[in-house]
Amino acid sequence: MKIGILTSGGDCPGLNAVIRGAVLKGVISHDTEFVGFRWGWKGVVEGDFTSITRHDVRGLSKQGGTILGSSRTNPFEGEHGGPENIQRMLDENGIEAIIAIGGEGTLAAAQRLTDAGLRIIGVPKTIDNDLAATDYSFGFETAVEIATEAIDRLRTTAESHNRCMVLEVMGRHVGWIALHSGMAGGAHAILIPEQPMGIEEICHYVDSVRERGRAPLIVVAEGFKLDTMEEAHSHLGLDAFNRPRLGGIAEKLAPMIEERTGIESRHTVLGHIQRGGAPSAYDRVLATRLGMHAVDAAYDGAWGSMVTLRGTDIETVSIAEAVGSLNRVPQHRYDEAKILFG
Amino acid sequence: MKIGILTSGGDCPGLNAVIRGAVLKGVISHDTEFVGFRWGWKGVVEGDFTSITRHDVRGLSKQGGTILGSSRTNPFEGEHGGPENIQRMLDENGIEAIIAIGGEGTLAAAQRLTDAGLRIIGVPKTIDNDLAATDYSFGFETAVEIATEAIDRLRTTAESHNRCMVLEVMGRHVGWIALHSGMAGGAHAILIPEQPMGIEEICHYVDSVRERGRAPLIVVAEGFKLDTMEEAHSHLGLDAFNRPRLGGIAEKLAPMIEERTGIESRHTVLGHIQRGGAPSAYDRVLATRLGMHAVDAAYDGAWGSMVTLRGTDIETVSIAEAVGSLNRVPQHRYDEAKILFG
Amino acid sequence: MKIGILTSGGDCPGLNAVIRGAVLKGVISHDTEFVGFRWGWKGVVEGDFTSITRHDVRGLSKQGGTILGSSRTNPFEGEHGGPENIQRMLDENGIEAIIAIGGEGTLAAAQRLTDAGLRIIGVPKTIDNDLAATDYSFGFETAVEIATEAIDRLRTTAESHNRCMVLEVMGRHVGWIALHSGMAGGAHAILIPEQPMGIEEICHYVDSVRERGRAPLIVVAEGFKLDTMEEAHSHLGLDAFNRPRLGGIAEKLAPMIEERTGIESRHTVLGHIQRGGAPSAYDRVLATRLGMHAVDAAYDGAWGSMVTLRGTDIETVSIAEAVGSLNRVPQHRYDEAKILFG
Amino acid sequence: MKIGILTSGGDCPGLNAVIRGAVLKGVISHDTEFVGFRWGWKGVVEGDFTSITRHDVRGLSKQGGTILGSSRTNPFEGEHGGPENIQRMLDENGIEAIIAIGGEGTLAAAQRLTDAGLRIIGVPKTIDNDLAATDYSFGFETAVEIATEAIDRLRTTAESHNRCMVLEVMGRHVGWIALHSGMAGGAHAILIPEQPMGIEEICHYVDSVRERGRAPLIVVAEGFKLDTMEEAHSHLGLDAFNRPRLGGIAEKLAPMIEERTGIESRHTVLGHIQRGGAPSAYDRVLATRLGMHAVDAAYDGAWGSMVTLRGTDIETVSIAEAVGSLNRVPQHRYDEAKILFG
């Protein structure tokens, strides 16, 4: 079989390890031929691809980023987009199947393309760990390690200056990175999208830490929203019109905490550092296994399915079922973490 | 309730995080009073313990080792050992329950003591990940990360000198650390206790790597045994009598490989470095949660049970069922890894 | 002798190692008694100090921050400030000398107090490495390592998305952290306060990298100024009045680069992460040696002097000479780095 | 000019950064053409080389090992060795000069070849930091960081089990790695080749640490010799004849300490892990600068000289003067470290 691979959406530690796992498994077990589409669906739509041999994936599991490049191109858009054009391009080049590594958007597109007759296997990629169909997604654990190391560093500088530190980590819709790094690093409050909270409660934790003679450290997911966000904005004297850039949530919270509690407060935004660099061993193993099993799924003809982690096993589920079910931090996990607050 | 905690057996990254999780959960949710027994069961037998407050566990999740110390004392031995003596000591000091953090030996002892009427909750500790009752045990992932980093380092020196490198990692009865670090680091052969292999097959992988112009890297678990171990010994001209110390398996393999393949070969033994130091974020979260749930199990009166990880949940299982079931690397996981060999 | 130690100004990896080095050297070689002033000069002015024993500095060399706390209090200000009040407090408590660990402000104050008769030894602390009197100051190398690791991470995410990345590091008046981390990480342009540059030249480097098919990565010191900064502001349509917060230089540069070159550009600000956490081995050794030699200088009665690194030796120089001479990146070092640009 | 580069002897973090620095400097400033000899002097003797372009050194500063390979071939030996054969090969291929990156042996050979008329510039490579002509050599600081991290890890496991740990690090003739890592990690004794010590004194430190309730940690350079080494051997009941392999010094010391003090003792040998992997930022900067200045020295026609670090400057010295002067740890540096013993 000749299989095309693509990586789509925001990059994530472990993408290259998936590619390597798939290629080694295919080449060695099935004598598969591989091509890689450049820049995600863009390469599919434009017929832009290149051969990937065993030699090309040498040493790749520890390398961050993706050798194929990524973009947010939608395969249904543009002159050459859509299932018919894509199928024609695949046929012309003898490509029999696609392994699509990407997030919710990519998987949903893969599902629609499969419905239209294309042969696609999905590999879920979400650094936020926001897909319910898999216990963990690769890249997530690496992001948690990076965020935890940042907390370890911020803690000593906070204590030395008796300051409150607010660290913003990734997590647009779900708070897993904040939850795990906050628990690992011993944060005094963890603020996540699933659990809006008022500034008064946040300041309550800050004050309580202060009273025990310690420097408060707060981890906040980028998607966290204050209970009273609008009020907060108006409080800062900013109207909707005159806001060239408000910055992230940490940038907003730090001055609010300082104003209410009188504690000098600083914020740090981890940003892109969470996405790049060598994946942790955990993510390398997970990503390699997902890549291998995606090839098996292709040889099983399980089109429209994706590979996932369940316990310690890699399983296959229907993309149709998997997509759309957000992996929210459940209440009991937040309650568990909350024991450590304040 | 007044609960005593102990840590027993070889140390493991995350022990302190378990202690911290238990103490914070107990103090905050149940107003529990905690004492820590010094040096494992030795402290129980000798009535040597000290109070642990919330203040004592501050910043503890990232600290390697165990603040309580550890030993291999058997609670059934010695003048003051055995269930009756221990129960008397507990009664005299108002200690109502024990949380015992330890490996198979500790858990088996905990089971026997529970059968004799003591109130004990177990927390499984095995850096080798050799207990079937839990998906993963804390400390394991940290050891894998350390071993993987060592592989990453050895790889460049191997390539520069065109040498074969043999890295020995922990794993007395099961090969999980070797399997995961070998997959993550891209080892060319992974040798584990579950899968004895002959020196000829090992050299076959070495030769095949060499032919592709690369420097072979082999990861071997300390408990791996050559198919033809005795033959190997005699081959080196050593008899059973005249062997002051033969060293570990890596030390044995390197010269055997060099002799057969003609490739200059070197060995490295990671040893105690795998045990110490700050736990990874993954292990801090797992250990914290296990500690918290052990306290819940105590308040549930689930004596004789231990806490485990299943998927993403912490569950409770009977120690009696859990002990004795070795978590061997299954054939399909080894076959999966074997794709990457050679 | 009874010596008081203080740490002043922004914290810096290695402060605790200086304290440990001083205390161990004093206690073991001279039977010195030590006290630590709390929160820098604040503790001196308020007579707020505590005893430091050998036991207190155990394991301290690897710990970030400062166990004494820090602040920006000026010892000449306030009701109890000034040389006479301070001398009285020292006399009343039998404190015969002060070891003051701090930056330019602290050292200048130490000089003035010495002129007024106090017995003070200085230890230079500047994470920016901006004091000409010492080859390197502790904390600097750690900050460079952290910044370099961030560059390594940003590089892979930049390449995956074909983006330009702008990383802002510390360096208010001098660009050493940017220079060293940029050289180590292979940045395509390094922007430092000593070398203002126009946006056109920056974009020239960006374009040239792009043409070679790579993703541009720029390191900028926080104190860098565009040749045409004012023009830049007006260009963004912001007037001086209506600027609630403009953010740092990286935040400004990224959109300017994107607008001129058409390359999607992102910025990251490392911020407080550079200050905290365990010092590198290099900084632990340097800081320990500086602490030891500060005690020697006190026993030599070298009041008004400070300890510095020259080549591989720790030497003593007069604070009066040392202060005021900024350690700028010299032209030949910048030219050297510039070879790597574009 | 067309310049050939070679790397010789044991590998060392930073070799690739030297190559990259030289190539970028040459290509950009002088339009130099570069070739790389394979496997050190072997490639010179056999005329085995390959072109190195700017593209080939992309991303190389962070990569451990050497892309050129290394060996211990002596350029004066073999059928095609010696200055005349080498000069003929260079002439036939239009190679006008050699940049030789290597240790004492390589530099001495470079000197002899220069005396015979060849045009060679040396770059000193010694992970042990044993050349007096340079303040520090690249790779050394990385090895110190790795050894220090190992000490940090061993410390917690030592404390948990109340054991003595003996860590063996590199340092055949000089003890710099042991000295710096021991100071940084807070070792209780540092044993180096320059300072033989008897087992009684070592055990004195061990006992004194034990009495303060701590777990002793000893760092020993591989080249350390006991004052009474022969006696020690006979003590273990081993005669000179019947010693198939005695192992390193740490393996010898641990049982001797255990026997004399009664403290359970374990040893760890860091070995090849110190040589491999990504260089620290410090070493990347130093190596890059050395590579750049080696090219400048070639264009200055400074044949027979080598580049060195003096303070913060890269300078040029005659190899003839530099070679043969061992950079021993001076007495005052050992006395300084000794303050921290026990």
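Note that the chains take the letters A, B, C and D in the order they are written out, and that residue 1 is the start of every chain.
In this text, a contact is a pair of C-beta atoms (placed from the backbone, for glycine too) under 8 Å apart; a residue touches a chain by one contact, two chains touch by 3 or more.
Note that this is a predicted model, so its numbers are computed, not measured.
Chemist: Shared touching chains for subunit C and subunit D?
Modeler: The common neighbours do not exist; no chain touches both.
Chemist: From subunit D, which chain is the farthest off, judged by mean CA positions?
Modeler: For subunit D, the chain whose C-alpha mean is farthest off is A.
Chemist: After a C-alpha superposition of subunit A on subunit D, what does the rotation angle come to, in degrees rounded to the nearest 5?
Modeler: Rotation angle, to the nearest 5: 180 degrees.
Chemist: From the C-alpha centre of subunit B to that of subunit C, how far is it in Å?
Modeler: Using C-alpha averages as centres, the distance is 41 Å.
Chemist: On a C-alpha centroid basis, what's the spacing between subunit A and subunit C, in Å?
Modeler: 34
Chemist: Find every residue in subunit D that makes contact with two or more other chains and list them.
Modeler: In subunit D, 152, 155 touch at least two other chains.
Chemist: All pairs of touching chains, please: list them by chain label.
Modeler: Chains touch in the following pairs: A-B, A-C, B-D, C-D.
Chemist: Which positions of subunit D touch subunit C when the two form their complex?
Modeler: Of all residues in subunit D, those touching subunit C are 24-25, 28-29, 58-59, 61-62, 135-136, 141, 144-145, 147-148, 152, 155, 180-181, 183-186, 214, 280-282, 284-285, 288-289, 292, 310-312, 336, 339-340.
Chemist: Which residues of subunit D touch subunit B in the complex?
Modeler: Subunit D residues touching subunit B: 7, 10-11, 15, 39, 63-66, 69-71, 146, 149-150, 152-162, 165, 238, 242, 244, 247, 266, 268-269, 271-273, 275-277.
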